[in-house]
Amino acid sequence: MNNPHEIDRLARLLLDGHLSVEDFTGRVCETSIADVGEAQLDLDRSRRCGFPEVVFAQGKSVEAIEKIFAALHSHGVDVFATRMSPEQAAVLEAKFPDGKYNPVGRTFRIPLPDSRPTTGKVAIITAGTSDLPVAEEARETAIWTGADVTTIQDVGVAGPHRLKANLPLIEAADAIVVVAGMEGALPSVVGGHVACPVIAVPTSVGYGASFGGLAALLGMLNSCASNVTVVNIDAGFKGGYIAGLIAKNVAAGRSE
Amino acid sequence: MNNPHEIDRLARLLLDGHLSVEDFTGRVCETSIADVGEAQLDLDRSRRCGFPEVVFAQGKSVEAIEKIFAALHSHGVDVFATRMSPEQAAVLEAKFPDGKYNPVGRTFRIPLPDSRPTTGKVAIITAGTSDLPVAEEARETAIWTGADVTTIQDVGVAGPHRLKANLPLIEAADAIVVVAGMEGALPSVVGGHVACPVIAVPTSVGYGASFGGLAALLGMLNSCASNVTVVNIDAGFKGGYIAGLIAKNVAAGRSE
Amino acid sequence: MNNPHEIDRLARLLLDGHLSVEDFTGRVCETSIADVGEAQLDLDRSRRCGFPEVVFAQGKSVEAIEKIFAALHSHGVDVFATRMSPEQAAVLEAKFPDGKYNPVGRTFRIPLPDSRPTTGKVAIITAGTSDLPVAEEARETAIWTGADVTTIQDVGVAGPHRLKANLPLIEAADAIVVVAGMEGALPSVVGGHVACPVIAVPTSVGYGASFGGLAALLGMLNSCASNVTVVNIDAGFKGGYIAGLIAKNVAAGRSE
Amino acid sequence: MNNPHEIDRLARLLLDGHLSVEDFTGRVCETSIADVGEAQLDLDRSRRCGFPEVVFAQGKSVEAIEKIFAALHSHGVDVFATRMSPEQAAVLEAKFPDGKYNPVGRTFRIPLPDSRPTTGKVAIITAGTSDLPVAEEARETAIWTGADVTTIQDVGVAGPHRLKANLPLIEAADAIVVVAGMEGALPSVVGGHVACPVIAVPTSVGYGASFGGLAALLGMLNSCASNVTVVNIDAGFKGGYIAGLIAKNVAAGRSE
Amino acid sequence: MNNPHEIDRLARLLLDGHLSVEDFTGRVCETSIADVGEAQLDLDRSRRCGFPEVVFAQGKSVEAIEKIFAALHSHGVDVFATRMSPEQAAVLEAKFPDGKYNPVGRTFRIPLPDSRPTTGKVAIITAGTSDLPVAEEARETAIWTGADVTTIQDVGVAGPHRLKANLPLIEAADAIVVVAGMEGALPSVVGGHVACPVIAVPTSVGYGASFGGLAALLGMLNSCASNVTVVNIDAGFKGGYIAGLIAKNVAAGRSE
Amino acid sequence: MNNPHEIDRLARLLLDGHLSVEDFTGRVCETSIADVGEAQLDLDRSRRCGFPEVVFAQGKSVEAIEKIFAALHSHGVDVFATRMSPEQAAVLEAKFPDGKYNPVGRTFRIPLPDSRPTTGKVAIITAGTSDLPVAEEARETAIWTGADVTTIQDVGVAGPHRLKANLPLIEAADAIVVVAGMEGALPSVVGGHVACPVIAVPTSVGYGASFGGLAALLGMLNSCASNVTVVNIDAGFKGGYIAGLIAKNVAAGRSE
Amino acid sequence: MNNPHEIDRLARLLLDGHLSVEDFTGRVCETSIADVGEAQLDLDRSRRCGFPEVVFAQGKSVEAIEKIFAALHSHGVDVFATRMSPEQAAVLEAKFPDGKYNPVGRTFRIPLPDSRPTTGKVAIITAGTSDLPVAEEARETAIWTGADVTTIQDVGVAGPHRLKANLPLIEAADAIVVVAGMEGALPSVVGGHVACPVIAVPTSVGYGASFGGLAALLGMLNSCASNVTVVNIDAGFKGGYIAGLIAKNVAAGRSE
Amino acid sequence: MNNPHEIDRLARLLLDGHLSVEDFTGRVCETSIADVGEAQLDLDRSRRCGFPEVVFAQGKSVEAIEKIFAALHSHGVDVFATRMSPEQAAVLEAKFPDGKYNPVGRTFRIPLPDSRPTTGKVAIITAGTSDLPVAEEARETAIWTGADVTTIQDVGVAGPHRLKANLPLIEAADAIVVVAGMEGALPSVVGGHVACPVIAVPTSVGYGASFGGLAALLGMLNSCASNVTVVNIDAGFKGGYIAGLIAKNVAAGRSE
């Protein structure tokens, strides 16, 4: 998105002493920012990080989201938003008829018209039915990253044969997201069966001494399985993003 | 241990108005306390609670412990102490030649001469080798309660077939103590396989976000297995005591 | 519930090299799972753990609960659910006319038609009137386990003679559930009077530095009474379940 | 200790405009401060607060303590220090031969030569033998306040008849200090028996989820007994001070 | 309230062997309990503790409170309840026309017809206007204990001369309640000026790192003023109760 | 605001022995307090602290705020209030037509008629759009202190070139307020670029392990940039106040 | 490592009814466990998880470690141990002369004789010099996984140009480990520059409100960079393991 | 320190297409980093931030510190190090004879030969004698920044007239550092008297519920005084640095 002519011009100003080094760098950077008033969009994100910027809808006005969506859309970005309320979605679905809202995962996406091939395999596993909203956020995010996603529900630790029955699906994945609340033991158990990273997503499901997901978070951080890594409580987005990123990079190797 | 003649005498004083109700009760109670200066021993404990008083050695002077041991011993109690340092033990082994010190579990016991039959089955399971000191405290305590104790070591969650291989031993128990640090997931997994209570003992084994056993404690309190109940961090004594108590009561039924 | 013919067939496939060991085990396991879409029911639970699976209603849709109830009911299970809202109950009472909702304890049960004899004695003690909802959850659960349940209310520590007056009832129990908020001292006091396990259930009753039940939880974990073991804050279900399990096992011995 | 002539002189300077109001007040204040270099002693404390300043020895050099002692002593103060190490005490006992060190409570006192009558009754109760150092600090402090002190040891909650037996001593007190670690339930039980304030002193005795006395502290703050008030963990000094202050004020009324 | 004839009769049964010591004590105790179904009232509280039982209204049904009020009232108790909602109060004011509800402090009282003389001086000081509800609960409680109460509002630490201006009122008190949120520094400042106990009541006033009153609670527990003792967050009742108890006992001495 | 005649009169009373030193000081102080019933206004604040007292509206009745505003206004104070709800503002805007409410920052101000020159430069930087309410509170406060305020939005750490582009604006400031939630890394990054103090304001923006702003608060306290200092979570007021105070003092030097 | 003949024999016993399904599975599992007394080695780990079991040396006796090393070594495993003290290492270096101890990272490795090609690129970045021990543990672990490892030291957030200068090295990695204490902001800053996963390892470096690494841990969990995932405090091993696993899987794709 | 010729050369390479923009910026940055192996020194810090880089000695080897000192010294930097142990200092004093170690504050400084005029006034106030080490670190740091520093010791809140007596010194400061442990109330009290920023430094002085300085930290964050801002626990360095920075900037204005 950077205009090479503009950069040449700036470099000449630098050489001629009309621009300090700091100013030169600053100006170059400006060309990859879209200022929409309430937010400064990072249009260079996709080049640097592999995926474009995602919109965190919670706490933003619908008007601001609409402006951000329009700016991203006009730059050819596969627009994706998380933590969107049904009220916000109702307005935005009217404005962007191609957009789809997932009411369980609370995500919104305006897919690009051209279909891209999926890039790698992500498995998403939930410990219990109540973890579904976080798992859905992870699933939508992983799909947005281009991954081929399988979801396996309700395989809690206390029913050990349920995990067993789903092992073939799990072992085929390039990255696994395990979503669990309460004591958060499932990632350790899954981790002991597979040869790919397990992204553990603690959820705030539980009560009392779960302390809003703290018990699950600490359990996962202390996992005895070496391949378990952890993201924030209820961070379905991050779980899906990192799993999708790993799957994409592994698959990229395969397709070279 | 209460002297019935003394109680009759007190009751007469009460009736005659020489004793208030409060004083009457107080005096009756006094007859079951042995005052050794530093401590007031509860000689009535065995009748009320099934087992006699146990000595918590940490922070007590060797002289005090010796006096307490002598007082308990003279009342025919199966003396048992926990959290005893090697230094304390060295002195006490000289004074009580029948006593045995377990340097791993840090317990000391002066067994009664007459052998009693064991009363029920307790299984003690550890997640890792580092949990051994707490498991040994639990084992010594359960043996002191009269239980038939089996110990199964190093069956961490990340190696699922290790637990499987030991299931027959585990399923035969009347009560199970599971000792685990780090994420503390083992009790949930064990709990899903058995039909007796699982006493979960979190340990301070781990580092960083284990926060001295807090992670394991919270994990166990939030266990998705319904038969898991929890005691304090590193409380091998309590785990062994409660498992021994359950095993004794279950076995008592069987032998009726 | 496992079909022996199917297992024979699978074993033959294994022997003939058509199935790997992993696949063989997986398939065997599948036969004891009922997949109802939102959940995978563990039909083998009763054989392994002594009691069938219980439904945690909170956060589940009424439709999902109805499917789970129907599946369990059709397999001859004594259906029991906890944390059910009055709104959920209203719908389910219409669908399952034999079901009974306890609006204080928020439990729902569809009892089996054949009456079974009660199996052991459970006492449930509350510290204060505000602890009643948790105590009711414990009571309904213990009844569901088949126990003969006695409830003793409002015997807080600051009124010492109230506990005294109820001692005979308490001493007769095979297992005791003590439900208390605020400082959670009651289990220690009860524990000092009895020779059976005390399952302490901290409640979130209190304010300020009770920190949602944390004070009671920590107090109970640090109880100076050796027979006190602890479950999660507000976990009336777990308290009732473990007490019922102990009572059942003790009584099973007696009836052998 | 304020010199009235100096105050008159200052007031005149104020009136004549040579001193601002702020300066006037500042100068008046200075006359009641003794600057010993490392510390500024509050010689007016006794008039304002009922008792003179106490020295917190921990972290101070012996030289600094010696200077402070000498300054206080020369102003006729009944010198009292807490948290003094045996090493500090060894030096100071040589310098102040009238001083007495209590090695359990770690206090040091240089009593005034004239004996004062004791002023009120303070009872100090400990839950266990390990709480003794904190209780001794409280006892020495209460004696320094002039109180008539009774100590009752090792009356933990799990042995209910031990408290009963000591009730007459307890009921006679003007203020009670209860020193307890672990779950800290004793103050509630004591509080339910008496008609005077109970100053609860949590101790760091315990392990695991006692979290250095936090469990006891929270338990005491949530006490269901209305007359229980709390000081810092291990704050034997504060417990003894406040109990002594109450006893002094109650006794002052009696002697009017 | 205990019937001496009944106690004589019980003592005779004890002597004749018709009653065990335990049963005897239990029966005696029963005579001082009023069972109203939901609660067991402690009618002996006033004799033991100086004041009768107080009703904690939060979480109780209006029907239960009404029964408790009626039972207490019929035994001649000065009925007092805390944490009562306006909805509860509306019903109870209709049932007990002599009762008075304080909507700020959320207390309800049915004063006894005969006026008693006030017994001692309590000062209640608030740091800020937002602390008023807690201070009002303390004030109503202290009045119920019979104290002569003075309230001084809004004397926060950052305005030092405001405290100065009110010192004469403060110095005259037998006990002082200081109610403060945020950093909770006011009790230390007040404590440095007076010779009576300061009961510090932390409030949940504040935001962010006040963590619901934790900052104020910790600050008060660590107060450098020796005469500061602490109760639970927002525990206006306890602050007023203990201050009233001290004032009563000090005044009782004066009037002897 | 102190009346010198009154002070002279008081000093004479002091000299003549009609006033104690304490009373003298108390009376002098009283002259700078405005008592409006619910609150005691500190009219001397501006002289001592550089700015007059600010009203914290949350939890105060509109009537009380109105009285306080009127009292301050009549003493010529530039009235400023924070944490005001839209409901409170609606009433007060009617009463004080010169007042202006900022609905995002929830502040209310009644500016003085005479325009003062701005005094120094304050830059306010936000990490994300959701931090805007806290940033607006800071901005309004800094304007009230008389500062020349620049706001730079949405320059989160993950988009490094966005900060770069705004460096010239940032480097010109006398003090910088950085408002950030989640991990709170922005102040460190800003701090590494500038030679003035950075006031870091953590916000409660985030979820899960942000624990209501705790993560941001701890991050900022541990900042590796030496010029970063921290205020309470969501304390936009304090951030703006201190930045404004620094800017005023720096500018005062410049204008001397 | 499973012996197929033994499995056939077991399957026949199963088919003939001499073995239950449970027993069959248990026996099969046993063949992949090496019992060395103190530990049960998981010889099947490499097949399931991609890498063999690693030895956590802390808290194990040198004798136990020696036995474990010998058992693993005899099965052709690339032996690797972490958290080994210099004292342990001194003994083991004598026993296993091919082994190498890293005294900074506290790791010990007995490399296999045959050199394998490195498989993918891992970059390890430290925020400060004090983070080196954790970074060295990560580096040794990543090397053991077969990765090509680059280490970049001391690029803290407050010196922004230091990261800039190392960007080309960082962008080339398949996975990045960022090791940081204090506020833990570096992973977010790195994450904003790259298109691969960033494994954030918080360290306990810092003091005060770093609370042993909690501040860094929370900061990293709340990172605004989507590609940042987190492991336990000081868990250099886990950081290196997961980065190595990702690099291996990505490289495996490339080499297909 | 940047060489302008080198930058010109780089800019030409950029213009001619031999360098990418990223590479260009990277190379420019490199010229201001001194790589000493263990650390990458930020030689540009002084230009950007007003003061050069400071060495955190804790956890660094003496050899590394010596190299860093030599590198900084050779660039004309006023070398300053904090958290240095006496053992480290003994070696470094031998190597750098101009260096001075402060054993209380644990700082080390090699002052530049040319004396610079002091730039502004900093007052450092301690609550108690035990806070001295932190205060000394602050004092040495502020002196290093060029400030004119006054220290006022032992003016705790409970002795209100001690602060009064020192007010003139305090009011003259451009910035004030208040160092306090325990409840941390002193900054609020100081803040209410002055018109400059108060940098509050909580210390870990205290015991029990001070939780290593947490109580003081929270108290200071919740200060009711608007001009109080906070740094990390025991962060004397940061307190002195920020106060020195403010004083320098205020004085710079004055001298313009």
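In order of appearance the chains are A, B, C, D, E, F, G and H, and numbering begins at 1 in each one.
The working rule: a contact is a pair of C-beta atoms (placed from the backbone, for glycine too) under 8 Å apart; a residue touches a chain by one contact, two chains touch by 3 or more.
Predicted model only: the values in this text are computed from it and were never measured.
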Contacting chain A as well as chain H are chains F, G
Which chain's centre, taken as the mean of its Cα atoms, is farthest from the centre of chain A?
D
Far-end chain from chain F, centres as C-alpha averages:
B
Determine whether chain A and chain F, two copies of the same sequence, contact each other through the same residue numbers or different ones, counting it as same when over half of the numbers at the interface appear on both sides.
different
Whole-Å gap separating chain E and chain H, where each centre is the average of the chain's CA atoms
49
Distance-wise, how many Å sit between the C-alpha centres of chain E and chain G, to the nearest whole number?
58
Quick check: how many Å separate the C-alpha centres of chain G and chain H?
38
Just give me the whole-number Å value for how far the CA centre of chain D lies from that of chain G.
54
Where in chain A do residues touch two or more of the other chains?
25, 128, 158-159, 191-193, 208-210, 214, 217, 221-222, 226, 232-233
Seen from chain F, its contact residues with chain A in the complex are 128-130, 132, 153-155, 158-159, 161-162, 164-165, 167-168, 205, 207-210
For a test of understanding, state which residues of chain D touch chain H in their complex under the given definition.
22-23, 25-27, 29-30, 32-33, 38-40, 42, 44-45, 53, 56, 58-60, 64, 202, 204, 212-214, 217, 232-235
Residues of chain C that touch chain B when the two form their complex
48-51, 54, 174, 191-197, 199, 217, 221-222, 226-233, 237-238, 241-242, 245-246, 249-256
List the residues on chain F that touch chain G in their complex, please.
127-128, 156-160, 182-185, 188-189, 191-193, 206, 208-211, 214-216, 218-226
